[in-house]
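The data blocks that follow each hold one structure.
In what follows, chain A forms one complex with chain B and a second complex with chain C.
Let's turn to the complex of A and B:
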């Protein structure tokens, strides 16, 4: 079943269109930067962007920071929101369950397919950004945000960790969208519901008056992957973010499982 | 094959199916009839484990609903459904790979067999969204036949087919039944059930009102239809036995033995064009047992 879901993912045009769009946005930013040669002043704009003009090897991290606040979570929410509700809307859900595919089994397969999509998206974005960055800006030894130089091995390790951290954060989004996807037969409603939660969280994170709830908001620690490129690595927010996402993932996946396995399928 | 005991499903205050005791034996061609909204689909969904009953239980092949029993069922529930941008064959391959008991080595052959059976073996690589309604219906049947099931649960299997297609599907189902497949056919089309089924259950407002062999429904009424050009002479001869006449030369005669009646008429030089016993129609039996469909919402008081 997992193989079937992955095949469905790969054979779906939407998968590749959305990933192409995700990779296109940082490329567009890079082209503008290269043509105008005007970088955002340090400390403004997306993370790392002020430094990429000097070193294109930093562009993958910058690209992740560009797509992370909105584009990537929207793509993940759409794919995860479609997981069950999309099958329900097309009427294929009942035939899958009659075949029979166990409900827990199906949910796990869907989750793995969404994770594969997320990882694929993050990898393509970083890969394209690396090629674009080094071609447009040239590459040098990777400097850390703190100014010291990183060895190639350390830089690669940190980039891999950053990709995993972003992937873990997106899994939190996927869990919420997957839960909503088991509630409704409309993939649009599920995706929009998850996006609404993220927008709410984003607004509250920026609001000082909401400081009390901020440590518990899903988007609060998303950009903490930047800390991986500091020297030494600032682990405080990274660990908190990882733990917080683990709670979101556990709670919403648990709710999705509980709802889906006891639900009447009337679609 | 299927045995439900006191099967009940409530949605909040609405009772969709109440106290249903259904029994389908191996080799049956079972027709499940009822007006729209009578609970047919809910029952079918409960049989297949999609809807969980409020109370009562479903037995399949002598055990409860499980992976193993569901794997022996082929089904078509409320129209076929496919992934629109893939071809029919690709859909069947994915569907077969999804569940248990779909051995990879025999997959290609089983898919071709199933397509052949439903008359789609020549189908090309175009995506399912470009299929006509009839082609989708055939592909849905092929999907149900993929695992060579012991039991076929079909909801309106001839929906969207032209008369030729309906005939083909009917012949296919009869052939499968002759080879040992049990059929469970849910429909609101009396003619379809009458043409195909050997046993019939009728559902009305969630309750079973009839469950019997088709032959029991279609018992003789004791009336014989006689068509003759010599209407007047025939009426004279038969006298009080004539229950009614129609202007086009049809005579309704109360008589126990059609053969005897024929002899009597011919001996008296009355020409007989056709003569046949009138059977109670399934339609009359079903209409007598059921009320209006729930899609009719007239203001009249509930007749019960």
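Let's turn to the complex of A and C:
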């Protein structure tokens, strides 16, 4: 079942088109930067972008910061929202469940396929960004945000951890969308529901008056991957972000499981 | 329909358990050390040599107009500042003020200090000491701010119940000014680590709006607070407090990093020994400047800063766009500022933790007796 879902993911053109689009945005930004040689004024624009002109090895981190606020979560929400509701909309869900496959098993298979997509997306975005960045801007020793220089090994490790952290953050989005996908027969509604939650969270994170609820908002610690490039690494928000996403993943997957295993399948 | 119930019940129980965790951790009781208020105060004053490292936040509720010349002051006193710090002693420390995507780091060494701005990869080298400068993130660190406020003699001090701060039991201290009419500070509450005397949390309160305004029973409102959220009470390694600019960074040597430091170094006036009834504070023997005067004792602090004409006009225009370019006033519950002119039309800024009427009296005094020029 898991193999079937993964094969389906890889064979679908949609998977590759959406990932190509994700990788295209940072590439477009890089080309404009390289051609015009005008970096954003320091302190404005996405993280790391003003430092990229000096050092292309920093571009994977900058690319993640570019797609993180909107593009990446939307892509993940669409794929995860489609997981169950898509089958229901196509009328294939009943036939899937007539086969001797447990509902929990099907849900796990769908989940693993969504996880694979998320990981694939962040890996391709950062991989493409690394190639584009080093080709266009050259590379050098990676500077940390704190004004020290990182060795190549440390810099690579931190970049890999940043990619994994962003991937983990996206799994929270995936869990919410997957849960909504078990509630409705419309993949669009499931994806939009997850995106609505993220937009709400984004608004509240920026609002000083909402400080009480901020530690519980799903997007609160997304940008904490920047802390990996401080020296020494500031683990505080990274640990909190990892734990918070784990809670979102556990709660919404639990809810998805509780709902889906007992649901009346009508389509 | 028995089946769905247990599944949803399991999910609900899991959510409830997860949500209860922070509340449980916060309910851990704090143990009181039993030390007297005077003993703790003495320890706080001597805590500058205590080595520590940690993470803290400070939060202010004061709204200042957006004046570029005052650099980050508005953000410092009107928002939340997140800092990491490594402290080995008063001349060996590093404070990193963190923003979402960058940081501004200040390091202090025996020869002076470095300031690093990650956003534009700029490193500023400051040689020697500054007697006068604008407040920076390092001044709003709970231990630094707490020590500075505890340094004053003109207060009565008593114990407050212990509180858990940064995972430790911290002993509470309340400082109340002896002459409340002189200052906007209503009271200062400190929570300190009882063995080292390191202040872990500081709350500066101004008189509240309740019925008992300014009285003994008035708890006041917090205008400025600083606290450590994580702290390690071991001296950090030496390389943590050192800075050397990275390759391809822009390095500049500066003598006077801000408006106040520049005025202190270059302003050519002999300032009065007493301003609006407040005595001038003594300066360190090694001081090179003297162009800025600081007045008052304890929580009562006023700075008198001579301003160049173009700078004064530009600040006045920003503070009071519709005004007459002669004077402008800013007032918050804790800090107030007034730019005005002396009897010869020269611009001065008076600012401090005093009621606005004290600042008006100060400028009135300058109008009657304008400061003479310094002879070099």
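In the analysis below, the second predicted complex is superposed on the first by the 267 of 267 C-alpha atoms of A that agree within 3 Å, B and C clash if a C-alpha of one lies under 4 Å from a C-alpha of the other, contacts with A are read in each partner's own complex, and residues count from 1 in each chain.
Note that in this section contacts are C-beta pairs under 8 Å (C-beta built on N, C-alpha and C of every residue); 3 or more make two chains touch, one makes a residue touch a chain.
The structure displayed is predicted, hence computed values, not measured ones.
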item: Side-by-side fit of chain B and chain C on chain A, or clash; value: fit
item: Partner chain in contact with A:223 - chain B first, chain C second, else both or neither; value: second
item: First, second, both or neither for A:258, with chain B first and chain C second; value: second
item: Which of chain B and chain C A:8 touches, first, second, both or neither; value: first
item: Partner chain(s) touched by A:266 [first = chain B, second = chain C, both, neither]; value: first
item: Partner chain in contact with A:240 - chain B first, chain C second, else both or neither; value: neither
item: First, second, both or neither for A:95, with chain B first and chain C second; value: first
item: Shortest span in Å between Cα atoms of chain B and of chain C, once chain A is used as the common reference; value: 7
item: Chain B and chain C footprints on chain A, overlapping residues; value: 262
item: Chain A-facing residues of chain B, complex; value: 45, 48-52, 67, 70-71, 73, 75, 77-86, 90, 94-95, 97-100, 143
item: Chain C partner contacts - residues on chain A that touch it in the complex; value: 42-43, 46-48, 50-51, 54, 65, 140-141, 143, 145-149, 208, 215, 223, 226, 230, 234, 236, 247, 250-251, 254-255, 257-258, 261-262
item: Chain A partner contacts - residues on chain C that touch it in the complex; value: 3-4, 7-8, 10-11, 14-15, 18, 22, 55, 79-80, 84, 96, 98-103, 105, 116-121, 123, 229-230, 243, 245-249
item: In the complex, chain A residues that touch chain B; value: 1, 3-4, 7-8, 11-13, 90-92, 94-102, 262, 264-266
